[in-house]
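We just call them A, B, C, D and E in the order they show up, numbering each chain from 1.
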Amino acid sequence: MEIILRAEHISVIFPSPQGGLSALEDFSLAVSAGEFVCVVGPSGCGKSTLLRVLGGLLPPTSGQVYLHGKALNGPCSDIGIVFQKANLMPWRTVVQNIILPLEIQGLDATESRRRAAELIRLVGLEGFEQSYTRELSGGMAQRVAIARALIHDPQILLLDEPFGALDALTRERMNLELLRIWEARRQTVVMVTHNIQEAVFLSDRVIVMTTRPGRVTAEVPVRLPRPRSSDIVYSDAFSALAWTVHEAIPG
Amino acid sequence: MEIILRAEHISVIFPSPQGGLSALEDFSLAVSAGEFVCVVGPSGCGKSTLLRVLGGLLPPTSGQVYLHGKALNGPCSDIGIVFQKANLMPWRTVVQNIILPLEIQGLDATESRRRAAELIRLVGLEGFEQSYTRELSGGMAQRVAIARALIHDPQILLLDEPFGALDALTRERMNLELLRIWEARRQTVVMVTHNIQEAVFLSDRVIVMTTRPGRVTAEVPVRLPRPRSSDIVYSDAFSALAWTVHEAIPG
Amino acid sequence: MIERSDRLSAYVSASHSFTNSGRWCVYLRSAINFMRRQWEYLLLPLALALFLVLWQSIVWIGGYPPFILPSPGRVYAKLVGVLSDGLLWWHMRITLIEIAGGLVLGLTTATVLGYLLAKSRWLERLVSPYIVASQAVPVVALAPLLVIWFRSGQLSKVLVCALTIFFPMLVNVMVGIRSVEPDLVDLMRSLRATRWQMFILLEVPSSLPMLLGGLKVSVTLSVIGAVVGEFVAADRGLGFLINVARGHFDTPLMFVALFTLVGIALALYLLVVIAEGVLLRWRG
Amino acid sequence: MIERSDRLSAYVSASHSFTNSGRWCVYLRSAINFMRRQWEYLLLPLALALFLVLWQSIVWIGGYPPFILPSPGRVYAKLVGVLSDGLLWWHMRITLIEIAGGLVLGLTTATVLGYLLAKSRWLERLVSPYIVASQAVPVVALAPLLVIWFRSGQLSKVLVCALTIFFPMLVNVMVGIRSVEPDLVDLMRSLRATRWQMFILLEVPSSLPMLLGGLKVSVTLSVIGAVVGEFVAADRGLGFLINVARGHFDTPLMFVALFTLVGIALALYLLVVIAEGVLLRWRG
Amino acid sequence: ATPAPTVTPTPAPRRVTLAMGFIPNVQFTPVYVAVERGYFAAEGLEIEFDYGFDTDLLKLVGTGERQFVIGSGDQVILARSQGLPVVYVMNWYRRFPVAVASLKPLDKPQDLIGKKVGIPAFQGASYIGWLALLDAADINPGDVDLLSIGYTQVESLVTGQVDAAVVYAMNEPVQLRQAGYEVSVIPVADYIDIVSNGLITNEHTIAENPELVRAMVRAMLRGLRDTLADPDAAFDICRRYVPEIDDESAPLQRAVLEECLHFWRADDLGYSDPAAWQTSQAFMRQIGLIETEMETSEFFTNEFVVKP
């Protein structure tokens, strides 16, 4: 498989009074086209920082990210990001927030609204199209952010705990939807999650990170058959993989 | 057991262009002193609204909340709240954010700092005392909010998904710490969570809610022995309870 | 005949409703609600009425002669006079044009420059001393230079007006642009928004409260800016009218001119308040 | 002899370091960093130098006689003169006192009133027409009333100064208080913060960028406020000095007075900028 | 009102505020001389100066807020037409000081036809002086291109913005000459005699306190006489009262004082000429500045002017 996104020897050091906080150290990662990679690790280990580097939002202190083999020196429209915070614009309604990427790409309004309506149904926000963000619950805001990331159909999706604020059932449903979309559109996904089950269920490979400095401690390939259905979580192979990941996370 | 917090026939209707969105409808709840109640339910069903009503922050459209048998018409210092968002003050450092409740109560600075240091150790943020909130990761910010709610030792804790942004391991550790604190201080806790395991592990009773209007569909009493250790999750009784709750949540 | 039967039916329907007390309650409540809302609209006229009462009392109690403080009645009579002979309209038109020019010039400059300074610290350090200086120098001291460089036409008044309104707007543009949530900037960058899109889709709406605040100050000061420009050297406009009225000891005329100024300022301010109501609806 | 050996050792150490090119690189980089930082501090003097050059060129190119535009040298000579005979100090002290009084009065009023108006919509509707009016009326037009009500002492200048700086601060206080994050208000309420704690622990720090913005405008305008007050009627102060200089055709003296004003404004502005640097450190 | 002081000096000096023009100025030298030489003190008066805009000050005198102001005759006529009870009690400037100045040769008012002329404002003494000049010379105001240029006459003349400017004869022309320019001047006073600056008080003070008025006039006239007699000594006194005049600007200011003397000199210092008032009022009515004809005697009185 062709390598679409490659991070080489990434280090990120944030300035701090104690001389510098090493959030990522010598981190390397190669993601193939169409691959689904999950990243797990303790709070504060540098997962969000990693996604910001991969998305071209944060230039690493050293090292280099390559997209399609070319050095990445800034954000790129092939990459869609869901941030850890919902990051909605409070002056825009739900629909307006969702169509923002299309507005920036200059797509015409009717087509945008059509696609937005579809995604609103997908994330279960019918009836809230015209609501402002202050009228949404935490989970609803997160769902708007998910819809926004999906609307412009980017080749690569970087998801930072997209389902963190969702209840178990909605989360399950969103997992299945995400898999469906990913399979249909053949996207590449790098997703941060705190839920080991979720990581194993969704991904082709789970990356486990350690805290300060953030490094890879383990890579667990997930060779479960696709397409996957919810039942798979009860299989022994699944449990074994989940256990491996669990054990790999530094206590 | 004495009833410490009682909500009677609470309805909350938010104004909306379609004439009013019923977030809570005829919701009643009685919490005994020292009880640990968990609330689960689909995203947007009114859990956060419920906590805001119980905390005296939002006057219900109809119905009344009673604290110690007296009508509650505004916030009360007996009640500590952890909001769904971390709600940190960006101009304050981690320590300064944590001691805010004590500052408001007028406690002297050295005692405040001593208590804060203790809680910082508890939530694992040593070394970040002087950091500003923009330098924290999502999970770290949430931990600061937890420390802040615990510092003034309120009789009643209202927690809105306090561990949502934490990784599995930190979450487990925080669960145990919370139980330890609750048992030691004999507090009363009402906690919203999306994690059914967590709900069963922690609580004496799980309240299951439905969406719009938010109502109670089921109350599952959890009669597992205390003190509980992590092993309990592998017991049959635990699995059965978790299953009951799972089934009670409206799909 | 028709009238009588109408009255009768009204009476009947009223007595009928009376039995239906639940509906009455609803009517009453909605009426009170309506009055409360109306009450808000009454506040402005109320403020005006209060002012007139206060003014008249000062005239009575202070016992000031009309050339120091004329009574409302006298000023009103003068107003009617200068309105009917077109004098006020004529001078007002001149000043309005200057205000419009000053607003356009001052606000665009303030926005553009404020944006640049917000983005570049070193440009700010280099330029801000000049800006501060331009605000600390009284216009009258600059009069000779203004007259030499811009003649004594309307351009110089437009410039003085622009200079007056420029600074509060500039500072608020800078504060606004610098307060934009960095996370939303990241979002826009990740969507590869152009600089213009960044400005129009993020920076403007997010700093709107501050921009509108700056605008409130600017539109209010624009009036005095134009008038000060006219004070320096003019043969028309409300500032000129004030000067003439002062020179001729015609205090009622001066008050008419002053109230016209206040009226213009209030109208402009009200426009901004209305815009605020529409644009900041999302804050609820 | 000593010099030669020094040079020699410098040469030796230089050639020695040269072999150690890694360290050189670090030194060079830190030196550049240092220069960049210094460069920032150089910007203000640079702005000044630029101004002087521009001024002198206008004098040369424009060929203006000194009573229209004196050369920097002439103004400097005058400055030395009025400094040595204490004239400038004397007038400056007067104006500084008025500015200080105006700032204290204007800023407290603006903060208190701004807070109240931010909290109460109906109070805002009732009061804001008066405030706008107070800003649209030129001070000179009210001069006789000012003199009658406040005599012609320093109080009237303090009032005019306070009136000038009041409005930008007021508007920014309102914008700031109204922009406070509602979630943080909920937090503070849940902690049962008193009104004063709400103000001092939440509302002030959270609206600090806007308050400092308002302050920047206010301190800058305070200078012109005091001077305008002095224009109306005074026998001392820098505004008076400007008038005298104009009356005596002493353009260099007028420039000295103007530069003193600008200097005061710059100093006040700089104070706010420094305060901003300290207070908004958390924004990084 | 306080009891009227006697002519002989009283032990406790009485404080009187004298409102003067805009700023301390060499043109107020006679007043400074009178203070310095104790002429006011001799009348039992202690003088306090009050500077401000002349129209404002006149209003304050009209209300009784101030008792004395120095202002011009046309202002008195205008003020009285608006009901201000002010009275002109001592003539100071015998000749109306407004003039037209140009850096090009200018012999007679007719030379201004078709030219661009700058004027500070379309009101006040300079405007009245200008119109009076045109009227006296029979020139149609429409034949001259009149521009409002504020108080920038010197700058406008030097930079060629205007061909001529309406000025105060003892100010701008003196300054220009001092700077080395050739200036031609047409004084308005050469063509028409209108009332100029003098001491103004209000009817109330005259009625209640005639002795005070008399004392003021007497002291001021003594100062004026001294100044005319020995301008150099007067100028030295003036510099003590106007510290802003330094050695650099002293020669120019001395020249201004010299020019002033031409406008002050008169055989009967202090007397107002009823004919001049008549002319002034007639002219102001003619150009529509005032509507009703008033008794000339309302405007002024010579009763306080005593021969030395």
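We adopt the following convention: a residue touches a chain if its C-beta (ideal position, glycine included) is under 8 Å from a C-beta of that chain, and two chains touch if they have at least 3 such contacts.
Since the model is a prediction, treat every value here as computed from it, not as a measurement.
Among the remaining chains, those touching chain A and also chain E are C. Of all chains, E has its CA centroid at the greatest distance from the CA centroid of chain B. Set against the Cα centre of chain A, the chain with the most distant centre is E. Looking at contacts between chains, the pair that accounts for the most C-beta pairs is C-D. Spacing of chain A relative to chain C, judged by their CA centroids, is 49 angstrom. Annotation: 27 Å between the Cα-based centres of chain A and chain B. With centres taken as mean Cα positions, chain E sits 84 Å from chain B. Shown for chain A are the residues that touch two or more other chains, namely 85, 134. Residue positions of chain E touching 2 or more other chains, listed in rising order: 53, 56, 59, 63, 151, 154-155, 159. Touching two or more other chains at once are residues 68, 144, 148, 246 of chain C. Listed by label, the pairs of touching chains are A-B, A-C, B-D, C-D, C-E, D-E. Listing the residues of chain D that touch chain E in their complex gives 64-65, 67-68, 78, 81-82, 85, 87, 140, 143-144, 147-148, 152, 232-235, 240-241, 243-250, 253. Against chain A, in their complex, chain B makes its touches with residues 14, 16-18, 21, 40-44, 47-48, 84-85, 127, 130-131, 135-140, 143, 161, 164-171, 194-196, 246, 249, 251.
Listed in rising order, the residues of chain D touching chain C in the complex are 39-40, 43-44, 46-48, 51, 68-69, 121-122, 125-130, 132-133, 135-138, 140-141, 144-145, 148, 167-168, 171-172, 174-175, 178-179, 209-210, 212-214, 216-217, 220-221, 223-224, 227-228, 231, 239, 242, 246, 254, 258, 261-262, 264-266, 269, 283.
Chain B contributes residues 52, 55-57, 74-77, 79-81, 83, 85, 87, 89-92, 100-101, 103-104, 132, 134, 152 to its touches with chain D in the complex.
The touching residues of chain D, counted against chain B in their complex, run 183-184, 186-193, 197, 201-202, 205-206, 208, 282-284.
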